[in-house]
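Look for subunit A in each of the two complexes below; its partner is subunit B in the first and subunit C in the second.
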Partner chain A sequence: MAPRHSTLLLTVATACLASLASAADLIVHVQSAANAPVEDAIVYAVPASPPAPAAGLKYSIDQVNREFVPRINVVQTGTAVRFPNSDNIRHSVYSFSPAKVFTMKLYAGKSADAVVFDKAGLVVLGCNIHDLMVSWLLVVDTPYFARTDHDGTAMFSRLPPGDYTLRTWHEPMTEDQQGAEALHVDAGAGALTHTVHIGTP
Partner chain B sequence: MKAASKHAALVAAAAGALCGLHGRAWATSPSLYARLGGEPVVTAVVSETIDATVADPRLNQSYRNTDIPRIKRLVVEQICDLAGGGCHYGGDSMREVHANHHITQREFFGLVENLRRALRRHHVNLRARNELLALLAPMAPDVINVVTPPPPKDPAS
Partner chain C sequence: MIRFRSLRVRMVVFLVALLGIVQAAEFLLTNDASYSAARNKIEDEFSVGQRVFARVLQQNSERLSQAASVLASDFAFREAIATGDTGTLLSALENQGARINAKAVLYVDLKGQVIADTLRPDIPPHAFEFPELIARARTGSVASTTDLLHGQAYQLIAVPVKAPVTIGWIVVCFPLDLALAQDLRQLTGLDVSFANEQQGRWNIFATTLPAAVADTLRTGLPDYADALDTRVLQLPEGQQQMRLVPLADDAHVAAVLQRPIASAMASFRTLRATLVVLGFLSLAISIAGSVLIALSITRPIELLLAAVKRIRRGDYSEEISVPREDEIGALAQGMEHMRTGIAEREQQILKLAYEDPLTQLPNRSQFALELEQGITQARTRGRSLAIMVMDLDRFKYVNDSLGHGVGDHVLREVGSRLRLMQGDIGCVARLGGDEFALLVHESDVAAVIGVAHRIIKALEVPIIYDGQPLDVGTSIGIAMFPAHGDKSETLVRNADIAMYVAKRTRSGCAVYEKNYDTSQQEHLSLLGELRHAVEHDELRLHYQPKVDLHSATVGACEALLRWNHPRRGVVPPAAFIPFAEHTGYIKVLSRWVLEEAVRQLGAWRREGLLLQVSVNLSARDLLNRELPETIAAILAQHQVPASALCLEITESGFMEDPTHALRVLERLAEIGLQLSIDDYGTGYSSLSYLMKLPAKELKIDRSFVSHVSGDADLRTIVSSTIEMGHRLGMKVVAEGVEDSESYALLRELGCDTAQGYYMSPPLPPEAFQAWLEGRLPTAEPISVARWDRSPCAPSPDAAQQQTARDRTG
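Presenting the complex of A and B:
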């Protein structure tokens, strides 16, 4: 697949509200080159000094009808991810991605240990037994992340002021193909809107 | 495999002649795996059996979205192990493999019938066919309608 580089079209509209809150609400619109909204893009803002991961973060990726649910996932580095296996037939989850290489059998009728994703990066999950099962898990060094809905919109509430790198990923980008742009949030900025264009198939 | 069984037969005959003993006390009987035709035959038989089963809508529900080459590899390994071919089956138990797949009697015996056909097609003799089926028959309770209740929900989740 030809590499798709994100082209940057920045539209920043700041509403200077007489707000006592110093944090900003950020809305990011992710659009294709043809200006169509892009669903299931992951948008995340990495602070210039990334915070230490909060302890005890948990997440679940289920196995339903021989599929991973959700298919597109994002968690902060250090999150413990469970695979509940609602299917209740046996699965064998694996990843060869450098951010986490592992295999774990999910037996029918037995709980499995959570897997801690301790390194940032893109993890592609599969099942050894059911080879059409695939799920994407983006592990990011920030608590500020969101997935776009069918309107292509990702919302960040109360983003603290400071400098960030705003990154955008969409299936099937590699880590290197992710969009990246500088984002500065002023104290008292109120509401910010960004539009990011990515090339989509 | 065929060369090994011929060699074993020669050794048995020679030993019997030298010692005046009947072959049976000294013979190394060829393994069932060898008498099935060894790896090439078993691989072909397993492949055709599973292909026929996957192609049959009455039998194939449990194979949906499943890696078929992997299953074939593991079934060959299992037969090689059970039939004295010297392999070690590294897969999961039949119970674990089939838990909650809702395999019916009809599906199980449908596969067995496909296996019989494939064995005959490859000219495996009646005795070897029956021995193989006798090895597989005890698996039925671990394949058919194996039910494992789901684990209790983690209250912390």
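Presenting the complex of A and C:
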């Protein structure tokens, strides 16, 4: 897949947009320009008034066989992320992304300090020792986020009614290239289905 | 056209021309081949250089790309780019660029915007000039290109910056500068110029060429499209091998690779110079060789030519020697054989010319030469010289009767005997026939005569042939230089004359005297006169009676020839008979005598005078086979019976050719002629011949008879001869009876007939007749008183006349 980042468009189908009852379920289908389901896309809904960063949230990105596992990650702002390092070799995880710049040495069998991502944004993680190791970590100001499965479907349950901005990211989009569309969830709206198209029109 | 007469020059010119052409052709071919080889070689070299250039340029680019990649992956650098501000970014770029000697480093973000440019640090972000490079870098990891940037040719390399995903690109710029050009030159061996064409004008960024050449190159290059196809570039500095290697086709940036053809061809020129030198050297050697070969062929030919000239001049002395194995050697050998052959044959010819092949003595010509030489020598030394001319007595008899083989044997034997005496003699030569000549270097005549006698003595020893002894005597004539002549011909002739005298006088040898010459001269003129005498009736026959001793009667007479010369008076027979015999005129004389005698006989018979007439025959007459018929005809003509004619022959006359003579004599006897043997006792007196001859009469020579009365030995000889004659059935006649004692004695001894001055000298017919009439018809004893009445008393020269008469026989 070779998407044109500069021209990446996010199209949100609004066919089924209706006023939602409180706490509705949302199903989002992410499709490519050719209507193929897109796996591992991250879909998140940011409320009109963003909640305060969560405290005590924890997340873990392991290093297995010189790969970040998982590769695609999404956390709410304020989450402390650990890098346990399952390899028996050293790693030096870093990020030059504006959301979080850090460098941390990971020793084999030794737990390192968790890194708290307190700023929303896209963080690209790399290993200073192993150039090929790449991991994407999307830090979002919302607890409502989901990853598409094999069918390109992301599931949201019990989404409180209100206005949201629905955003979709997929590797290797930059922050700017994310699609954004308004989403209103009525109270008692039930289940909502939404289709998002990414890629060139 | 020039013509070379000399074989040597011709060969040299031909060989030199041939070799020159071959050498020139060889040089041209080699030169051509090596030139094209050299051209191919420098083309190949150039192509290799070009490939090396391309490879090196690519490697350089890869090296720079790697360096840039390494640079871009530096963590601190990445951190600085990802997180730093523009100032930090610029400083980081500069720092990293300096590490790899980049002229400039740019940072291009994902949008293709130049964020930082170390060349122009203050410029605000703007679109990168070569988006295509970034596009290529997007798909691959590293991309490079060559192009103009800010008016300068650069090699641009774009490398992504990953953090860890690509966040942008750094573009590293390396200028096409002198250092690179020099590096490339070192590796390729070609001059490298980085240049750019714009609207037909060339700009050279960097070049390994000297400034002046670079300038001419800049102006000399055609426009870009043409330059791409140019292989050879004409520059004021000389022809250049050239390739234009495009670096940035759109921007018309290229590398010009070049090499002067002259320097590339330097090795070829060295080779050509070597070839030229070698060519001339081998030409010189070939010329020298050909000259040597030509000389080695022509020199012996010149030697042979010289030898041929020598032989032509008659000089055979020098040997022709060209010791070679080849054809010329064989030719020389052949010519050497020819030379010796010619020399030998000339020697033989000379020998034949100057030597008598039979006796191997010098011949007449050689003798003449020796004589001339001897005369010259004797003249300068003031000395005398003697020459002898001799011939063999009875040689003709030996030759004719016993054959030429015997004659040759005799001549050879005589020659060898004479040669044995050569110590005394200067030169012995055979003049021809049985005639020999000798040259004696002796002034004293007596001594010369002594030599002559030794020769005579040496030849007296019989020559044995086939076991049979042959008796050959000799007569020698001697002439002295200068007394008897100062010319060789005169001397030989005079010696010859003397020899005839010696022969005539039977003295063995005679020294020339002046009067011999005149008598000889007389002989010569006599021939004509003798003819005249026969034709003009100057000859007469005188008759001498033959008295029968038993009956004292005269029944026969001998006819004797007399010549009453109108000027000289009576010429004795001795003065002309030998001459007549010698010339063959004797035949005419004998016929005349026979006719006259038979005519007289007939006349007398008609008068009743019945006499027998004796006629002397020459030895030559006996060889005439027609003689019997001739005589028979004469007798018949005068009606005279054959028995009335008696023919007197001498033994020697008979022995010249006994076989012939005997046949003639037998025929004469058959006719009825009387035959008498004359002068018996003087010659060989061969009894075997005596027996064979059909003669009825034997005449004892007067040398026995004239003194018989006073010599007992003579009497014994005469007596026994008479006895023998009678026993053989012959009548015996004694001639030369000059006194009564002899007359009486002869009668006492039983001799049948006497003839001589005691009775009567030879008388003319009329006187003889008168003498007879005084004596006849009675046959009384002869008385001395009657003799006194004789009209012709014996005269003082009677003896001489008698002697001369003998020779008529």
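Going forward, the second predicted complex is superposed on the first by the 178 of 201 C-alpha atoms of A that agree within 3 Å, B and C clash if a C-alpha of one lies under 4 Å from a C-alpha of the other, contacts with A are read in each partner's own complex, and residues count from 1 in each chain.
Keep in mind that, in the parts below, a residue touches a chain if its C-beta (ideal position, glycine included) is under 8 Å from a C-beta of that chain, and two chains touch if they have at least 3 such contacts.
All values derive from a computational prediction rather than experimental measurement.
Contact with subunit B, but none with subunit C, is seen for A:R66 once the two complexes are overlaid on the shared chain. Taking subunit B and subunit C in turn and counting the residues of subunit A each one touches, the greater count comes from B.
In the superposition on chain A, A:V101 contacts subunit C only, with no contact to subunit B. When the two complexes are overlaid on their common chain A, residue A:A55 makes contact with neither subunit B nor subunit C.
By the touch criterion stated above, A:V124 is placed in contact with subunit C alone, subunit B being left untouched. When the shared chain is aligned, subunit B comes close enough to touch A:S111, but subunit C does not.
Once the two complexes are laid over each other on the shared chain, residue contacts for A:A34 go to neither subunit B nor subunit C. By the touch criterion defined above, A:I89 lies against subunit B but remains apart from subunit C after alignment on the C-alpha atoms of chain A.
Looking at subunit A, you'll find residues 128, 131-133 touch subunit B in one structure and subunit C in the other. Residues 64-67, 70, 92, 96-97, 99-101, 148-152, 154, 156-157 of subunit B touch subunit A in their complex.
Within the complex formed with subunit C, the residues of subunit A that make contact are 5-6, 94, 96, 101, 124-128, 131-134, 172, 174.
Remark: subunit C residues 73, 75, 78-79, 82-83, 110-111, 162-165, 167 touch subunit A in the complex. Residue ranges of subunit A in contact with subunit B, taken from their complex: 58, 60, 66, 82, 84, 86-90, 105, 107-111, 128-133.
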